[in-house]
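One structure below.
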Amino acid sequence: MSKIEEFNKERADYNEVLAKYANRQQKTFYGLDAKTYEGGALNKKTKELLGFTSSLVLRCDDCILYHLIECAKSGVTSEELSEAVSIGMLVGGSITIPHIRRAMKIWDEELAPE
Amino acid sequence: MSKIEEFNKERADYNEVLAKYANRQQKTFYGLDAKTYEGGALNKKTKELLGFTSSLVLRCDDCILYHLIECAKSGVTSEELSEAVSIGMLVGGSITIPHIRRAMKIWDEELAPE
Amino acid sequence: MSKIEEFNKERADYNEVLAKYANRQQKTFYGLDAKTYEGGALNKKTKELLGFTSSLVLRCDDCILYHLIECAKSGVTSEELSEAVSIGMLVGGSITIPHIRRAMKIWDEELAPE
Amino acid sequence: MSKIEEFNKERADYNEVLAKYANRQQKTFYGLDAKTYEGGALNKKTKELLGFTSSLVLRCDDCILYHLIECAKSGVTSEELSEAVSIGMLVGGSITIPHIRRAMKIWDEELAPE
Amino acid sequence: MSKIEEFNKERADYNEVLAKYANRQQKTFYGLDAKTYEGGALNKKTKELLGFTSSLVLRCDDCILYHLIECAKSGVTSEELSEAVSIGMLVGGSITIPHIRRAMKIWDEELAPE
Amino acid sequence: MSKIEEFNKERADYNEVLAKYANRQQKTFYGLDAKTYEGGALNKKTKELLGFTSSLVLRCDDCILYHLIECAKSGVTSEELSEAVSIGMLVGGSITIPHIRRAMKIWDEELAPE
């Protein structure tokens, strides 16, 4: 099983537990989370890049990986991703580098289009 | 060995190393850490919920798990925990969700009162 | 005009601008923000203390002041507030102290029950 | 003098002081800061939205305002900005709202295209 | 009155309010805060540089200014300060730059040794 | 293979992937990262302590470990490290403690000079 399959499986598994204990407010929040990245005035690809870079500067590996997968699905190229990474690295500093390492590793192994 | 037993064992093991190198300031800090969550004008349960939510918005899994265990010991119900989670998720944003996933998984497996 | 009246006036004024540009997702978020602090399994007072401490460790003066006002309205005493402050200070570190200074100043001048 | 003129004037004034004390590493960093937002595989507009959202989730008013101005210059519409704001608010949580208030106020007064 | 005199006056004024509401845990914390920067295995100057850089990457203007004043008192030169700034800027990213601007302005006006 | 050998190996391995996708801006950033910690007005040892404490308050395990290794190479003693830890713990709060645990464990096992 690839790292991404493993991530998706664990995510699905954990989401069942989340659903079990979620109150109405949390359910609204999860619904909002899905809605917010749908294409609108900004297209899906731009929104996923925004989600990716936000996750990068806040340094959350799971969030980074989630948006990385969505970036790949939306047709982001390696060069485009690299420019988004540059912005996150510049804004967020060298403290983001370990997260970038892990992101690019999985991009290289399982997601890069070429 | 359950995840919580493992966590407690590792914590005890690491705390020995901490103690070996701790200077006087650090010892004062550790003493303060213990004192601050004792019941007073606010009861133990409320204080552990404050510790839990603070740890959640600052996104530290070990701190979250520590206070989750203390919440369970203080009689927090699943419904009460869920409302504290809602506040942390709202204040801290979707970046907290992976931490909530891990917290609720262990709550479900080893801590939930019912 | 007191500091709190000024804060409330500016907040109301700015919220009008927010509303002008808010899309549906943002409106849902604002509704959620209101709902999450209503009394439920945890009472209003506990929830406002959770909001206050979360805002303190994340170091947002406006959020701190908002929840401080709500804490006062919910009957939080100076001693209870002080214990919530202790938890925030311990968890979040000395970097929170300037925010605590500003919060306690306004608590002292306009909010403290005695 | 408008708020943005004031911001730009203060920024220019302070940058002179920065330059006076900057060593070679800092000068390289400032050069990098300028280069990173130039159009490439991603266009200028997308990059400024990435800079804006990163600044929003990290909650830095000056950085937010800087990128807001650049967004306006790059032709970002109010609807596009609002969708970028939605992502920042969702990812970063309600703690970002005071920053959004201040950003939208100045957008409304001095930057919105319509 | 210079900016630093104003800062010190406000700080003293606010500290009185802090003391009025501080419980025992907070008093211990404040005592610890004073003790931690005293010279020991590391000298006072190195400790103040550590306090300065930590405050910079966590982006707290009041904390930065406090340690900047202490750095000046401990004999830190402009060149040494600039190297500490470089580390903070690199680690913490461009999001720290507005704080560096404000710090260097006051360093230039009131603190720089030459 | 010791933990540090493993860390260094993984780091080298991942850096190859980084290099494969890095654009010019990122390469400049990596060069800057290396340059910034070279001895200058402040010596190498002080700079590594600054890097260590900054990483600690920002809570990045990989960054902490990297600077811990460099601290050991630069001749930092356990007592000096402990004082730097005290500052990070005080400034950053109890949320840093799990990171300190992991850092001191590896310091104890593989890095402490005595």
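Should a chain be cited, it is by its letter among A, B, C, D, E and F, assigned in written order, with residues numbered from 1 in that chain.
The rule is short, and it goes like this: a residue touches a chain if its C-beta (ideal position, glycine included) is under 8 Å from a C-beta of that chain, and two chains touch if they have at least 3 such contacts.
The structure displayed is predicted, hence computed values, not measured ones.
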Worksheet entry | Of E-F and C-D, pair with higher C-beta contact tally | E-F
Worksheet item: Where centres are the averaged C-alpha coordinates, which chain has the largest centre distance to chain D?
Response: B
Discussion item. Same residues or different residues where chain B meets chain F? The copies count as same if more than half of the interface numbers are shared.
Written reply: different
Fill in: Most remote chain, CA-based centroid, reference being chain F
C
Item to complete: Report, in whole Å, the distance between the mean C-alpha point of chain C and the mean C-alpha point of chain E.
Response: 27
Worksheet entry | Euclidean distance of C-alpha centroids - chain C vs chain F, Å | 36
Worksheet item: Using mean CA coordinates as chain centres, what's the chain D-chain F distance in Å?
Response: 31
Worksheet item: Where does chain D touch two or more other chains at once, residue-wise?
Response: 23, 25, 29, 32-33, 36, 40, 54-55, 57-58, 63, 79, 82-83, 86, 89-92, 94-95
Worksheet item: Among line, ring, star, complete and other, which best matches the way these chains touch?
Response: complete
Response to the item:
The chain B residues in contact with chain E across the complex are 23-25, 28-29, 31-32, 35-36, 40
Worksheet item: Across the complex, what residues on chain B touch chain F?
Response: 11, 14-15, 17-18, 20-23, 25-26, 29, 33, 54-55, 58, 60-63
Practice prompt. Within their complex, state which residues of chain E touch chain A.
Written response: 57, 89-96
Item to complete: Would you pull the chain D residues touching chain C in the complex into a rising list?
Response: 59, 78-79, 81-83, 85-86, 89-90, 94-95, 97-98, 100-102, 104-105, 107-108
Worksheet item: Which of the residues in chain C come into contact with chain B in the complex?
Response: 32-33, 36-37, 40-42, 46-47, 49-51, 53-58, 63, 77, 79-80, 82-84, 86-88, 90-92
